[in-house]
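Below are the structure tokens for one structure; questions will follow.
Which chain is which? They are A, B, C and D, in the order written, and residues in each are numbered from 1.
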Amino acid sequence: MNTFGNFFRITSFGESHGTALGVIIDGCPPQIELSESDIQHDLDRRAPGQSTMTTPRKESDTCQILSGVFKGKTTGTPITIVVYNENQKSADYEHIKDIFRPSHADFSYEKKYGIRDYRGGGRASARETVARVMAGAVAKKILQKYIGTEIYGFTRGIGTEIFSAVDKNFIEKNPLRMADPSHATEQEKRIEQLKKEGDSIGGVVEIRAENVAIGLGSPVFGKLEALLAAAVMSVPGTKAFEIGEGFGLCTKIGSDANDPWQCEEKKFHTVRNANGGILGGISTGEHIWFRVGIKATSSIGKSQKTADKQGIETDVQISGRHDPILLPRAVPVLEAMTALVLVDQWMWHQAQCGN
Amino acid sequence: MNTFGNFFRITSFGESHGTALGVIIDGCPPQIELSESDIQHDLDRRAPGQSTMTTPRKESDTCQILSGVFKGKTTGTPITIVVYNENQKSADYEHIKDIFRPSHADFSYEKKYGIRDYRGGGRASARETVARVMAGAVAKKILQKYIGTEIYGFTRGIGTEIFSAVDKNFIEKNPLRMADPSHATEQEKRIEQLKKEGDSIGGVVEIRAENVAIGLGSPVFGKLEALLAAAVMSVPGTKAFEIGEGFGLCTKIGSDANDPWQCEEKKFHTVRNANGGILGGISTGEHIWFRVGIKATSSIGKSQKTADKQGIETDVQISGRHDPILLPRAVPVLEAMTALVLVDQWMWHQAQCGN
Amino acid sequence: MNTFGNFFRITSFGESHGTALGVIIDGCPPQIELSESDIQHDLDRRAPGQSTMTTPRKESDTCQILSGVFKGKTTGTPITIVVYNENQKSADYEHIKDIFRPSHADFSYEKKYGIRDYRGGGRASARETVARVMAGAVAKKILQKYIGTEIYGFTRGIGTEIFSAVDKNFIEKNPLRMADPSHATEQEKRIEQLKKEGDSIGGVVEIRAENVAIGLGSPVFGKLEALLAAAVMSVPGTKAFEIGEGFGLCTKIGSDANDPWQCEEKKFHTVRNANGGILGGISTGEHIWFRVGIKATSSIGKSQKTADKQGIETDVQISGRHDPILLPRAVPVLEAMTALVLVDQWMWHQAQCGN
Amino acid sequence: MNTFGNFFRITSFGESHGTALGVIIDGCPPQIELSESDIQHDLDRRAPGQSTMTTPRKESDTCQILSGVFKGKTTGTPITIVVYNENQKSADYEHIKDIFRPSHADFSYEKKYGIRDYRGGGRASARETVARVMAGAVAKKILQKYIGTEIYGFTRGIGTEIFSAVDKNFIEKNPLRMADPSHATEQEKRIEQLKKEGDSIGGVVEIRAENVAIGLGSPVFGKLEALLAAAVMSVPGTKAFEIGEGFGLCTKIGSDANDPWQCEEKKFHTVRNANGGILGGISTGEHIWFRVGIKATSSIGKSQKTADKQGIETDVQISGRHDPILLPRAVPVLEAMTALVLVDQWMWHQAQCGN
């Protein structure tokens, strides 16, 4: 459904070209200072038109808090935050309304519901992630305030290339949100070239959470990596998830894969943090880190063959200019999803083990 | 928590060496023929001692239905299925009760709860998957009855090797549950050698679901791949998940990655099924397929260095003989989790779109 | 929390004097014709200023659909409906911000959250029921379309008087929503007198649902009367609930209380429908009927003694003119809650038993 | 469904004459001392055969903990508690399997599921409350430990009579669990007479919770009285619920109904506690009190007319000897449900407002 989380529970609503997109946060702790400006920063990081690397569609994406905040503080009641859509024209999409675009949600929505809002992808549009980023901004603020947790992400790989250096301070200084300064310029050129050709490319985003509370997540179905995987794989365009060393860890023999505990200055840690800060589904207090595979934007400028509703082969060329790469704008979305999971689990931990 | 699913909702309970392990299925449709023998088959596929590839611990793992079935049929009320543990001795585990074993859940449970059942891993033990397999057997039966869906899995890779051939009929005929007959013997030898050395190895399992209903899953947070990822990543030892072509798809440029629709004999399908039978989070009716990275068994016979509760470095050697490879026994568990997701989403689809 | 229902799931948000009040409906079946005019009717029935019997506060309470409807039909995605508040001034409430008004939520909100929006009751205001009525209008439409269920309510008693006659057609023709024409005029006079005195009064509302599907509700915790009781007792001002003959039934001996089954023209029914259309927690297909005790409006014009935050005794006189009786405006709210329960349970019944 | 609570979440299973009845408690805080003897006390208070006032069916109802407790303490993992049924014979019920008994669940189960376990009421049997009492015993222990809350109930009325005196210490000393010593003997005689006649009677139970935490419950749908109403109305035989002065409060005019705040020795309280310890849906810290209408046992010895499955009128006489009055055995069940609500809401309060 459209609700995520059990304690810090968000409900997302809205379509790409409907009246408004928004989110309700239910269960937020009271007395937290909150205003639109706390949210707008991450919203701008997600917004289109930040650079030539992203779609030039210009929407101001200005958020408004409709409820749950009184005199600048949360009251413990539902916080509703909306962004009104400026573009609601459907005319731009009439020509594709009977076509099943390759690797889009057109076919499955049509068959499931018997009706779909075909304007800009409707509910399937990545524009829905506006809701997640807004809620995530509140979650980040809570984690920062109560635990000191910091969450950030970056473009770890593009196409078949994986970049090895991680300069945290460089990430927000380049349009691709890469963390490896030595490859940024070359990759920007590559993406601009793809864009000219009406093409796109996928890659790998890495997310890290530092200063995480010990004890988040729970045994069996509520394992923290399971919650993170669900969070991540619910973001449009994601195709793969690996926690810590992930698939690489699975190629090893046990005596190499195992990661022994050490204790230095009364602080426990493992040698490699190979399991990404989680063991037995529960956070160890070490940094959480995971990687996410994101495919190339499905909306490309090149003409493609596909089938229409009648099953007849047809050519489709998608008008409008889209992102040649989803990754930089996906970073704040994945950060938001991570924050939502962590704050939700922190609240649960307080409830069960806090006394 | 310990509940999975919203409509076909299962709750798992029990520890490795407690009195009993079991599962409650709430929401099961009525009037389905069900007896212990329907469940025992998959339970035997998961059981230890099937071959030299698996741990020789001998438990009969015989299931018993305690409620919800009357005169051989489900009644629509909760179905409780248990397996009583034969081995509840704690003496075998006293020597490790103060040690944080490498890559086990010891540390995180200890810190979260301040108490843990250290006998055989307690609640963190892979033995808990008995509950999932029992519930999954019921889910499979429902999917088979109402939709004709068939779910199977196999060992796709071991260590760094990925096997290419898929002979569905071979899977249950070899102890490693490989689908590639040409590599099975060599791999068995390899695993037996590792076992002799007191070591273990990881790999990749592939799961497939054939004859899937169209329309399962939902937009945004309930995307089918997100639900499957959560299901899979909740299984002990899993470190990575990829749907369809997964990470491989993410290396491609859009014009190569996109997978056009075709219609043949009034049936729609995509050229490659690159997205694993799901688009926009909703099943397309094509086969669902995904891969799961499973790490080497953490419990190895070799002596390892690690820290104890006091933070003092110590050597640990895990007594008892464990699986040198988790994959063959993980296959029925991953099948079960897949079935649970599909039946749950099918019920939701009936509720929302069934009229 | 602020979510109600499991399948047809609504989330309510907003404060009395905040920017907007609204509701998200998640899980609504697709392809149902829906526009603001379908919702506005019940919203007007709930609105203040309908007569001298209700508070004269004039808000137009015009609803707007923000998402989930495309070309006049539901799409299966979240339907968001809002009403923007016209009056957001807080100055009117400064004088009571430090006073715990008698029988209001002031004290408990203050102690729970350490902060509260004191403007017009904030989240505790009965104005929140706008959200319920809007969602209920959609639920009613679904019940009407698929099952033919009709839900209506009326003022069964005022003060110590219970009115015996039930003329369904009279209800919407009198400002008190009484069903007994012979007592309506006398009661209107009585209420107007109370109003002049700055006082208020309580009473009993009766709700009926006709043409109910058989099989709604479930054993144990999901009993239909339990769900209805929770729905009803969540409405501001409600103090008591009884299903069918209720407390009266409990005064009887078993041989009088029992209500035998009869079958006429192949239709089963009980002699008295004493249990209100529900047996064992599951609907029998007979009319559902229950009664709800609603207390006198706590906001009265008379001066009252109470304590302020410091614990000092103080006089409080509540400015603004309030309803002398809550019942007529509570009727559409209780109808809405009933519709929400029934449609939710109908969807669950389809999921579990629909194949 | 069969799950109750969100944080302290219990799942009930089992039929009256199945193999076992039981409950899983998920979310229980760790490190609480717990053994079967903590549970057995309330189980015995619920058990049949305590006196001539209750059914003589003799089952030992001995509970067994299957999981979640290690070395005498809870571990934070699911606690499973079962009672094995000693009587599983179905022969005793063959003669009523095609009859819809008056005021029983036979008809609605039959129509909903198309199948029902007719042995002793199956899942509809009041015997299911064994599960609730066991879970409630754990909840009571937690409330006692962390807050000092004490919950007790008693028979407030029988038939049309309401008893005014409340001697807390007398309750467990008389088989009817009355709190008014001056009427106990006369009522015992009355019930014994009814029993001889093969008849039964209903009445009113009152539940009180003393030393309640402030801030339990939440605005809108999670109002504490709504949660209590749902809890109470899910117990077999309940027909009505009123919080505090209930229906009586609703007969009053506002200036009489309102209950002003006072502050004595820095402690806030209201003059009458008319609203039963809850305002705006949130506990005030005053005693919570409510009343529950419970109907006469439907199973009576007298011959009754009713219809069978074919719709043919038939006489039914229910063999086996049943309780002439449900109230005394319902008391521990209603206490348990109250404890479950309070501990669940206390955990939620810790999660949201505990920092």
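Keep in mind that, in the parts below, contacts are C-beta pairs under 8 Å (C-beta built on N, C-alpha and C of every residue); 3 or more make two chains touch, one makes a residue touch a chain.
Predicted model only: the values in this text are computed from it and were never measured.
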Inset, instruction - Pick out whichever of the two, A-C or B-C, is joined by more C-beta pairs in contact. - result: A-C
Inset, instruction - Find the geometric centre of each of chain A and chain C from their Cα atoms only, then give the gap between the two centres in Å, rounded to an integer. - result: 39
Legend entry - chain B-chain C separation of Cα centroids, rounded to whole Å: 46
Inset, instruction - Any chance you could list the residues of chain D touching two or more other chains? - result: 1-3, 12, 27, 30, 76-77, 112-114, 123, 219, 353
Inset, instruction - Select the category (line, ring, star, complete, other) that matches the graph of chains linked by touching. - result: complete
Legend entry - Sites on chain B touched by chain C in the complex: 6-7, 27-30, 76-77, 146, 219, 347-348, 350-355
Legend entry - Contact set on chain A toward chain C in their complex: 1-3, 9, 11-15, 18-22, 24, 26-27, 30-31, 64-68, 70, 73-80, 82, 112-117, 122-123
Legend entry - chain A contact footprint on chain B (complex, rising order): 1-4, 12, 100, 102-109, 111-114, 123-124, 128, 159-160, 194, 199-204, 214-215, 218-223, 225-234, 238-247, 249-255, 257-263, 266, 268, 270, 274-275, 278-285, 293-298, 300, 302, 304-307, 311-313, 349, 353
